[in-house]
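Two complexes follow with chain A in common, the first pairing it with chain B and the second with chain C.
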Partner chain A sequence: MSIPRPKPERFRLRRTMMFMNAQKPGLIKDAYIYGADSIMLDLEDAVAENQKDSARFSLYHALKEIDYGNTEVIVRINGLDTPHWKEDIRVCVAGGCDGIRIAKTESAHDVQVVDAAVTEAEKEFGVEVGRTLLMAALESPKGVLNAVEICQASPRLFGVALSGGDYRKCMQVKVIPGGIEMLFARGFMLNAARAAGIQCFDTVFTNLNDDEGFRAEVKQNVEMGFDGKSLINPKQIQIVHEMLAPTQKEIAEAEKIVRAFREHASEGVGVFTLDNGKMIDIAFVPGAERVIKLAKASGIYEGDL
Partner chain B sequence: MELKAVGTAGTLESSDVMITLEPRDSGGIDLTLESSVLNQYGRQIKAEVLASLERLGVKNAKVIVNDHGALDCTIKARVECAFYRGCGCDMDGRFDWGGVIR
Partner chain C sequence: MKNAVGREIPKEALAVELKNGRKYEPYHGKGYRDGKYIKKAGPTSRIYQKPQESKLLPSIRDAIIATGLKDGMTVSFHHHFRDGDYIVNMVMKEIVDLGIKDITIAASSLGSAHDPIADYIEQGIVTGIQTSGIRGRMGDVVSHGKLKTPAILRSHGGRVRAIEEGDVHIDVAFIGAPTSDEYGNARAVGGKSDCGVLGYPVVDSEYADKVVVITDTLVPYPNFPPSIHGINVDYVVKVDEIGNPKKIASAAARMTQNPRDLMMAENTAKVMAATPWFKDGFSFQTGAGGPSLAVNRFLEPLMDEKGIKMAWAIGGITGPICELQRKGKVGKIIDVQDFDVAAIEDIRTNPNHFEMTASEYANPANKGAFVNKLDFVVLAALEVDIDFNVNVITGSDGVLRGAPGGHPDTAEGAKCCVIVTPLTRGRMATICEHVVTVTTPGDCVDVVVTDYGTAVNPARKDIIEALDKAGIKHVPIKELQEKAYSLVGKPDDLQWKDKVVAILEARDGTILDVVREIKPYEN
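After this line comes the complex of A and B, so read on.
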């Protein structure tokens, strides 16, 4: 029995990416019901050193036999400084996961090494070459400073994510409400990702009892322009989806822009003003379309665009 | 690939199964099954374990299965892991995904 998965979409909506231990059958069998946009089955930190083999067998059969529906299935592989990553890649590709998260990425070379191994595995297992997507986790100052080259390292790469735990350790800082300790890393990584035209994801928020702190961080993520966030608990999913959902006013405005632009474009007009006096050109359209897409994903869109 | 020593994989957690394989020279497969869902799924669990062992080429072994409601995909994964551990395989060696592991 094998569940066929559609070809992964490089730039799909990824508001929430939830980590799950690939070794725990109780977790992976229900992973899709929580409604995260993506799940990240973990072969790395969540799996003890003497269970790396076991986690791969468990992952392989879960990928083959569990129907994850529209939930994207990413696998976090072990770092390139371990003996595990090569076999991790083989099992990911053989099982047909949508994408691979590269831990501790520090250079474009790291991404290219993984890319080459993925290509080799795709050929070995008869998977379409280029099907398997990649994302890179930046976990050190070196990784952050090399974000520009990392973001442009591979056509498989859909995004970069910050991994706060290791980064803070390197920087000798602790978690500060308001995130001053992460300001540079977040801002720099976002710029590098946007310059390369890929997505950008914030780090996990680990204090599950601090609801207010979590909301404040998600609000800041939205304001800074992140596409989504890595999560460690299902109860965080709904909060992020709610906070990323556009308001009715924003939806109405976006609809107006998209409709007006289509009408004017068919008449050969590229710049025009809306009834509220706001000047609109093609630069506004992707943003408006993104608002509509978010509204649809949030289940609050009632229009017909 | 041959079972040379006792191989164990899995845990006693809910939704998991613990599998122990012990090599022997003859006598076929001697399977002992304990399960929290023995009455409903005993036969199916046994069939899944035996099918995995056959794919792996295990002819003679003492097999202990301690199940706490594992899905088929977990049963297969644990049997395979116990087998390769019992063979003394390199944990990071190249496994036969999609071949005998399927």
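After this line comes the complex of A and C, so read on.
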């Protein structure tokens, strides 16, 4: 019996993406219980070179047999410089995953090569063409500098993510509290993503014993405008969700904007002022709607919008 | 006859004879005997009027002879030495060597250290077992119908009640003690095999006709303040070793790093924090297992957030609660048993860490045990069914391998009883349609927290309301059971023979369930 999955939504909420080894049945059998928005089944670094085929096998059956419900299922495939990526894509598409994370993306061309292979696989396995989403991981200075073209490379692409481990190696820097070593990469990638209208995700935080450091980094992510973060341990999930949750004040303001806009729109008015004197037009509405969506996902919304 | 948890209690179980002539009744629901009276059954105690220098005897064998132990009598033991216990096996070997037979063992608990007793059961020398825990080979032989009479399994509180009420009469109590003087004043602290407290055998010392203290560390008289008072002790024996200290005091219980356990622990703490009892001065007990233990860690930030402290913690005590107390977040620790070195170390030095007896802890028939004032208890389970009944005694193969311990006592007493368990273990559904054996009745269980969601007993509308108000999601328990079966399948029913091999007493002495002889599985 194969579990049907709904058509992936390109711009859904993706606050948390949790990595796990696609080869470990104990991990992937019910990875959704921890409440991450997306899980990232890894065929790349977590899997030894001589285990790639068995990992694909376990991944395929997981995708077919396990009901992941509302949790998005993304697969990280091996890099384009390896002999594995084409077969990885075939398994992802045949199994029906929601999206593919392209490792070590360095150019728009990389994304387009994967896009073409995905299309081919979709045709091969009778999957609706265009169903499978993509995201690109930037892991090198070259990838970061080409973020602008990468972010615009494919209609399948929903976002870009930074991969700090490799990037720091290339830059010959180590992890610095406060993230000065990543400032440019984060800032530039965010700009490229926003310019292209796609999502943007920050890299993993690997010291599991440093709760304070993790919270500081998530706080910075939120302040910089990231949509979400890659994670390596379930215990990080709730922290990100809590820190991304809007405040009650923000929720109230967002509600006011959405309601007022709807009322005024039905009366044919496009610009109006709220009771606090703030001028509102249609440009404010998507932001307000996003706040309400986040509040709902965070389980703190009590209104009826 | 069906009892209040829907279990068929056969006539042969109801007909089992208790020492005081009390007739067994099926379980009637929680609080059934509240307000009724018992007449306590006192021991026949020898008068020692003349001056006496010492109660020391040279060997266990001499002590057995001195007590006048005969065929058909009942002997008792405690389980403070856990898997490191040498006392039960040493004493039973001497009893058997003396040719005494038809013995009933009435222990506070028995464990895997006591495998040799299985042989005495098979040989027909031990004919009765009354205990909380039964495991290993002993569980196996009893489940295969080798014990002459049905084993009687009781909670810690239920055992004290049964002894005080006279359901069971102890002829000779053998009490292992880390230190004793020559008059039998015995303490848990000091010596080679420090176990922290001696809360369980106090009732044995007060209700047995003859009491023998066995120690490996004799100390000068008077060994005060004692847990076991010399005035209740007939004889003292010094042996080389009462147990294996490494297995008596296990290394400090380590906090689990398993993300699944941590998640369940965090959700349990959140459930607690959402209820009205989570306020300054609350009381708490938790188990020593992975997720239960980890609840301690998640409680702390929630207490800080609300600016509240715990007034007291009870139970089997482990390091983490002592640590919380050192941070000033727990008023008093009241301790019936120590599970790790950290707890044992703590009670030696901490003036706000006290020893209590099993009766003070959990006895339903005294004038108010600690459990009656408990706000929260967090417990584990082998199985929970859709009526919230819990099984902690029989495995998925139907064989006895657990202990009710304080589970039913704290569950009935506490205002909010939370069971924390993964939805499945290997191929087995933990949340099931019907537990193999009911050891804690569902009317005492309030919340079940699993890795797949939380369920609240529909009878607890107040808790449902509190969780809804706090935005904590919960689902009907049936949904959890269906999810479990969808993952691992519905297990075939176990196959049993007719013979009743064990009676599960509710803490008030009614019958909750029976365990029958297991039949090898046939397709």
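Simple rule for what comes next: the second predicted complex is superposed on the first by the 305 of 305 C-alpha atoms of A that agree within 3 Å, B and C clash if a C-alpha of one lies under 4 Å from a C-alpha of the other, contacts with A are read in each partner's own complex, and residues count from 1 in each chain.
Heads up, the rule we're going with is that contacts are C-beta pairs under 8 Å (C-beta built on N, C-alpha and C of every residue); 3 or more make two chains touch, one makes a residue touch a chain.
Treat the numbers as computed from the prediction; the structure is a model and nothing was measured.
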| item | value |
| --- | --- |
| Chain B versus chain C as contact partner of A:25, first or second or both or neither | first |
| Which of chain B and chain C A:300 touches, first, second, both or neither | second |
| Touched partner set for A:141, first chain B, second chain C, both or neither | neither |
| First (chain B), second (chain C), both or neither touched by A:235 | second |
| Of chain B and chain C, the chain that contacts the larger number of chain A residues | B |
| Contacts of A:130 with chain B and chain C, given as first, second, both or neither | neither |
| Which of chain B and chain C A:213 touches, first, second, both or neither | neither |
| Touching partner for A:52 - first (chain B), second (chain C), both, neither | first |
| Contacts of A:65 with chain B and chain C, given as first, second, both or neither | first |
| Residues of chain B defined as touching chain A within the complex | 9-10, 13-16, 70-74, 76-78, 80-81, 84-85, 91-95, 97-98, 101-102 |
| Chain C - residues contacting chain A, complex | 259-260, 262-263, 266, 451-452, 471, 473, 487 |
| Chain A - residues contacting chain B, complex | 24-26, 29, 52-54, 56-58, 60-62, 64-66, 83-84, 86-87, 90-91, 94-95, 125 |
| In the complex with chain C, residue positions of chain A that touch it | 30, 33-34, 233-235, 238, 299-300 |
